[in-house]
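Shared chain: subunit A. Partners: subunit B in the first complex, subunit C in the second.
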Partner chain A sequence: MAAESQAQVAGQGGPSHGRRILLIWLILAIAGDLLIWFALGPHLPPGNMTTTATEEQGAIKLMSVLSAPVLVLVLTYFVYAMIVWRRRDGDDEDGPPIHGSTRVQAAWIVGTTVIVLALAVFGTVSLWTSHGAGAGEGPAPIWNPPGAVSTASAQQTPWAPGKVLQVQVVAQQWRFTFRYPGLGGFETTELMLPEGQWVQFNVTSIDVIHSFWAYQLGVKADANPGVNNVAYTKPTQTGLITVRCAELCGLWHGAMFDYGKVVTLAQFQAWARASKTELASVTSLLPPYATTYDSTAIKQLGPVLQKLGLTGAGGGYYPPQDPAQP
Partner chain B sequence: MAIETEPGTIQVPGGGGPGPGHGERSWWMRPGVHTALIGAVLGYLLGHWLGNLIASGYQQVGTADANDTAIVLGYVFMVLGWLAGLGVFNDVLRQMAGRPLPDWERAPSTSIGRYFRYTLDHKVVGLQYLVGMIIYFCTAGLFAMAIRTELLSPVHHVFSSSVYIEIVGEHGTMMMMLMTSVILGPFGNYLVPLMIGSKQVAYPRLEALSFWLTPLAFLILLSAIPLGGFHMGWTGYPTLSVQDTAGADAYAFAFGLMGISMILAGFNILITVICYRAPGMRWSRLPMFVWGLLGTSVMMTLAAPILVGGMYMLLTDRTVQTAFFTSQLGGSTYLYQDVFWFFGHPEVYILALPGFGIVCELLPVFCRKPLFGYKVAAAGMVGVTLLSFFVWQHHLFNSGINPDMRPLFMLTTELISIPTGFIFLVAMGTLWKAKIRFTVPMLFCLAFFFNFLIGGVTGVFVSDVPADTTEHGSFFVMAHFHYTIMGGLIFAFMAGCYYWLPKMIGIKLDQRLGKIHFWLMFLGFNSTFLPLFAVGLAGQPRRVFEYARNLQTLNDWVSISSFVLGASILVFVINFVWSTVVVREREVENPWESRGLEWRVSSPPPAHNFEQVPVVLSGPYEYGVKDGPPVADLNPPVGVLTEAFARTETARAEA
Partner chain C sequence: MSLPVRVGTLLVAFLAVVGGAIFVVIQYFLAGPVVVDYTAGVTPGAGQQVSIVLQEDPQNTVTNHPDWVSYFIQDPKTRQWVHTTLFRVPAGATVHVTILGYDGCTPLRNPFWGKVTGTVGNVEFVNGKPTSVLNSYATCSVGHTFSIPSINLNVPVASPTTLAANSNLCGTSPCTSGPHTTVTFSFKAPTTPGDYFWQCRIPCGLGYLDGFGGPMQTIGYMTGQMEVAS
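So, the complex of A and B:
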């Protein structure tokens, strides 16, 4: 499309300028696109550890490939114009009085409209096929993966491989904790996920706004108090996960991060069994599993935080002399 | 600034007749900044006392560190006291009492004191805005330098976490709220009447009021620091903003106050453009800068009331315990997010359209060619204006909004790149076979297109929901909007400064310092913000003071570049002061050989802009058109308009 409108610009005022710009553009655009697709593409963030991350990487790659020719076209044109059509010394004449060209304008409008509509269709389709693209879908998601169970019955239904694993992400100033309702309802400070299984994150907060950003998983969902925000993903590789808070949530927002792991199914099941026993004393203090919590109604909040080692931001991460120690 | 002697005629737009100005009182007897400051202090004390009287019994006041009601009422009365001290109410009260204005109030002042007073001359207001905006921009820029200083190291801290977040909030809020008027305020108020052939603006009092609210908004926003700062960034999402220390009152009040200023400023320009065009200034001859400001003022007038409402709800949540934004009590944090972005997204186009206007205005002058596709350019601006109201939920893609809304907002967001693309078509067409003159304003124009191209293309990245999942809330988004606002708006503002300051004050700006400024700013800017796309994609969220160690090299590079960028602004300020205060070399009447109507009158323009209302004969961009008519007849024959009117009336009666 861009090429077409370019050719028309050329047709308008003498062929040589347009043909030259077109040629430079073609060479640079093709070279740039090949570089992006083959050299840069596989390394584009956020990687391909999960289905959603792969989808996002694909989207970023596709848009880079589409936008590179546009960038190159405008830049080539501007640089060419600045070199060729600059004022020469002693020339005080005005330029040719061209007021416009219906053909060029129509071609440009049609071209950009087609590109934009194609992008919107692509975005919508990929949002659908990737079950929400890892973004928070709110309490009533419409793009469910196969085998999803209702959020409310998660506690009653024990999880088994092949079903969607429910993981509740509880955000608070300034830590994330993770609760596994289908595995006995224990709460951990480290995110652990099985490879090859669909995961449903139920993200909520017990104080202010946060955002659960699991970078390698390609998942981002805001955590609001009183709201359950659902996001889906399916890990396809094992590896480490970094979790950061992506919405400003107060003083130590910059230090609100966590780590996690995607492990094989067998390792995950072993870990879940061990954690259930190990954390039994904490689990008994926890409020019953719910999609949202009212922090003022949790009687045992203090002891829970202490037992999980969550006193102080990041567990005593900051030097004690800092006056803003939370 | 302009301390040129002006004709001793009366400048009373909106009423009053001519008469000699005599018997002027000495400056300290007349209302001005000094009386306004006294009024503000007295007002604050009164309001604070009143607030304590009302609210000291409230339960939440006993447990909090400050009485929010007293602070907010203090600000309310401070605004009233400031305006009363400025003499804003004097005219109104006198007219209500049926008493004529004293001569010394009506006479146009030629002293420097008029820049420190509430004045009805749009050219004085324009220059007040210009100096004000430069001060606000530099202050907010210093906060940005502080942010980059902290980010030099991933673990070692220059500021405490609390001070750092305060700085982030101050930088963001000050830039986003005050820079809305960075072009409309100075150039819009000063030049729009000149460009459309009007002797005055529609609402000179509203215009002056819109300016005099900005210093107060600026000071109130800064007053958040002694109150403990605010820790929720410029977006002020509840519940954090409802729980925050008293600095959040200053944030909400200042932002709301600036919202009122935006409504007034936008409304004045809107009505001026619609109703005050000279005969012959058809919509098809309107300068592109005026088109840009027309769109801006529509967005300001329609979007800013939503902001004022949102900030008002936030203040009542914080003071009298309403619960608009508390989900446990039936409110919703999403209500705030929707209200805020319903204003906030038109706002970012408020920060883009004036820039479009300036570059479209300047390109033909320095290409020596007519604007390519005038109608396409105007349609682009109108299209951006309309679409800007339908995209706001793209800020909430991950927030848990109703998920089936996302394809719709993805579509509208991507659609807005079509009218934006028109501006590039217009620029490329205008450059075709041009005779480009590389003056300082033209350099800034060309840089605008480079920067806005990158800003626009990355905007398409963030509009796509899957890609946005990774990019949202990261430095990628931050770099994207700095490319459109700093790289777009501020570069266009600088182009406007170098282009129009000789018009506004009749004094030449140093071109060599201007070129040094340009290159430092262009290279510094790109070197600062280009790497931030990579930083964001590598996983660094916004507003953090600690980041992954492997990103330190990039962050250090960015910080050092940002200091270069800061230095370039310093060069601009030095150039501004040096040229206008020290050297004061007279500029020739029309240094750029522009066809614009504003260049047909002397520099600076006389008190009434035009001797008579001009008759516009042709469009402003007819460069290279042989034997074309001049842009306007400044001294139309007596009676020509009356005749034309009579003809139209007869024709209408016959029909």
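So, the complex of A and C:
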């Protein structure tokens, strides 16, 4: 029995295990990939509400399609070996020695190298074409959509359809607020976006480090005090948005979430007009718009506050040039 | 080692482990601020009303953190002030809130929170005067805030306004005298039972990272929960 097994493994007169495994793997891999692409793919996160979400979903689909055959190969070999090369009754001999195969090793190295390099190229192209794929690109992004602007004065230029909509995301324990500098500079707790328009998120924090994660938009950018972290997206469908903080930020981090909407252009413009009017009384109290949020920029500290020795908000602000804290 | 000694040792060790576990459960999981119950005698549902009374103090002389600012809640039965920030209201009830602001003024980190939202009429009454926005930078006007983010409730709690008052704040908690401002407002409790956290948005945890540590992150001081009961 042992000699027979050894002969079979060595391919001396036995069935061609390699061909069997290859055939089983090929059938399962093709079936798995078709299922992933057509059945599972459309349901993979984060959906396809925006250009960036669609790009991310496509990347996850591609990664799944590429990795599934590898998983199937390992499992096929594993199950095949357990069934075909299992120990028989009365067989107490050692298995045949295994020798390295230069051809197999070379094929493995070349194959995996090609896959990794191809994915690197795919990822880079994807970042380029989707203008950062919804990730925070820092204060000086390099994958900008046409019309994106970086200075505070340019971001305050009145917005019109076709231009990049500027939205400042202000993170604070434990709520996000959103400021629209091109729509009169009002700040609100509602994230409202127009369908079919490019959006530039300028993400910052006024206290500790948070992370702005708008799941359905496929946007995720860290919110750091004193830093403007820019991310882009273009909504292609109307619908609800869930915003969560993705950086542990204190006692109520788990409750730091918000909801928003992507609406039609007409609905967005109506909402913007109403919000500007409704929030006018508090908009006049906000600090001048800047790409980061510095409440010490407010130059109207009252006489009683000054006499009390106060120079700004309590607790000390987190100056960009000096992150050290007491 | 004899059998009785071994059995005795085993029993002692067993009791020590069980006792330690009980201590941990009591000390860290069961101990904590009490919940002030405003549901007694109130039938849940629309049309029901409860009145809750809080005060915020510049210090806290009833705990081992005397320099931490703190809220207190008045027990509706005994009228005694309780050092807690947990309270229970009926689902769907109209909640009438009175906050006695004994602490002095501090500018808001984000002036946006100077706007009253989520109350009936989006208004609060400062010493009886209807107010919808407080400018915490131009005048000495805001001591703390009372905010429940999940129902978009934000109320800047007014402070004593004059230099003299701010230099002579109440020094013993809970405060019963001294300069203060009375803020009243009403809001609708959610119809869905659950715990809704509330917080202050003034960075009043002096000495901590950006003022948002210590009392700002500790239940029983400047943050807590509103328990909505079915």
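By our rule, the second predicted complex is superposed on the first by the 272 of 326 C-alpha atoms of A that agree within 3 Å, B and C clash if a C-alpha of one lies under 4 Å from a C-alpha of the other, contacts with A are read in each partner's own complex, and residues count from 1 in each chain.
The rule is simple: contacts are C-beta pairs under 8 Å (C-beta built on N, C-alpha and C of every residue); 3 or more make two chains touch, one makes a residue touch a chain.
Nothing here was measured: the structure is a model prediction, and the numbers come from that model.
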{"item": "Which of subunit B and subunit C A:189 touches, first, second, both or neither", "value": "second"}
{"item": "Touching partner for A:127 - first (subunit B), second (subunit C), both, neither", "value": "first"}
{"item": "Partner chain in contact with A:207 - subunit B first, subunit C second, else both or neither", "value": "both"}
{"item": "Partner chain in contact with A:229 - subunit B first, subunit C second, else both or neither", "value": "first"}
{"item": "Subunit B versus subunit C as contact partner of A:308, first or second or both or neither", "value": "second"}
{"item": "Which of subunit B and subunit C A:77 touches, first, second, both or neither", "value": "first"}
{"item": "Which of subunit B and subunit C A:177 touches, first, second, both or neither", "value": "second"}
{"item": "Contacts of A:281 with subunit B and subunit C, given as first, second, both or neither", "value": "second"}
{"item": "First, second, both or neither for A:252, with subunit B first and subunit C second", "value": "both"}
{"item": "Common ground on subunit A, meaning residues reached by subunit C in one complex and by subunit B in the other", "value": "207-208, 225, 250-252, 255"}
{"item": "Touching residues (chain side subunit B, partner subunit A) in the complex", "value": "160-162, 164-165, 168, 231-233, 235, 237-240, 243, 327-328, 333-334, 367-376, 397-404, 406-407, 410-411, 414-415, 417-418, 421-422, 424-425, 428-429, 431-438, 446, 449-450, 453-454, 457, 460-461, 463-470, 472-474, 537-539, 541-548, 622-626"}
{"item": "Residue ranges of subunit A touching subunit B (in the complex, touch as defined)", "value": "9, 12-13, 17, 44-46, 52, 55-56, 58-60, 63, 67, 70-71, 74-75, 77-78, 81-82, 85-88, 91, 93-101, 104-105, 108-109, 112-113, 116-117, 119-120, 122-124, 126-127, 130, 132-143, 203, 207-209, 211, 213, 215, 218-222, 224-230, 242, 244-255, 294, 322-324"}
{"item": "Interfacial residue positions of subunit A with respect to subunit C in the complex", "value": "170, 172-175, 177, 187, 189, 206-208, 225, 250-252, 255, 279, 281-282, 285-287, 293, 295, 298, 300-302, 304-305, 307-308, 310, 312-318, 325-326"}
{"item": "Subunit A contact footprint on subunit C (complex, rising order)", "value": "104-112, 114-115, 117, 132-133, 135, 137-140, 149-150, 152, 161-163, 166-167, 197, 199, 201-212, 216-219, 223"}
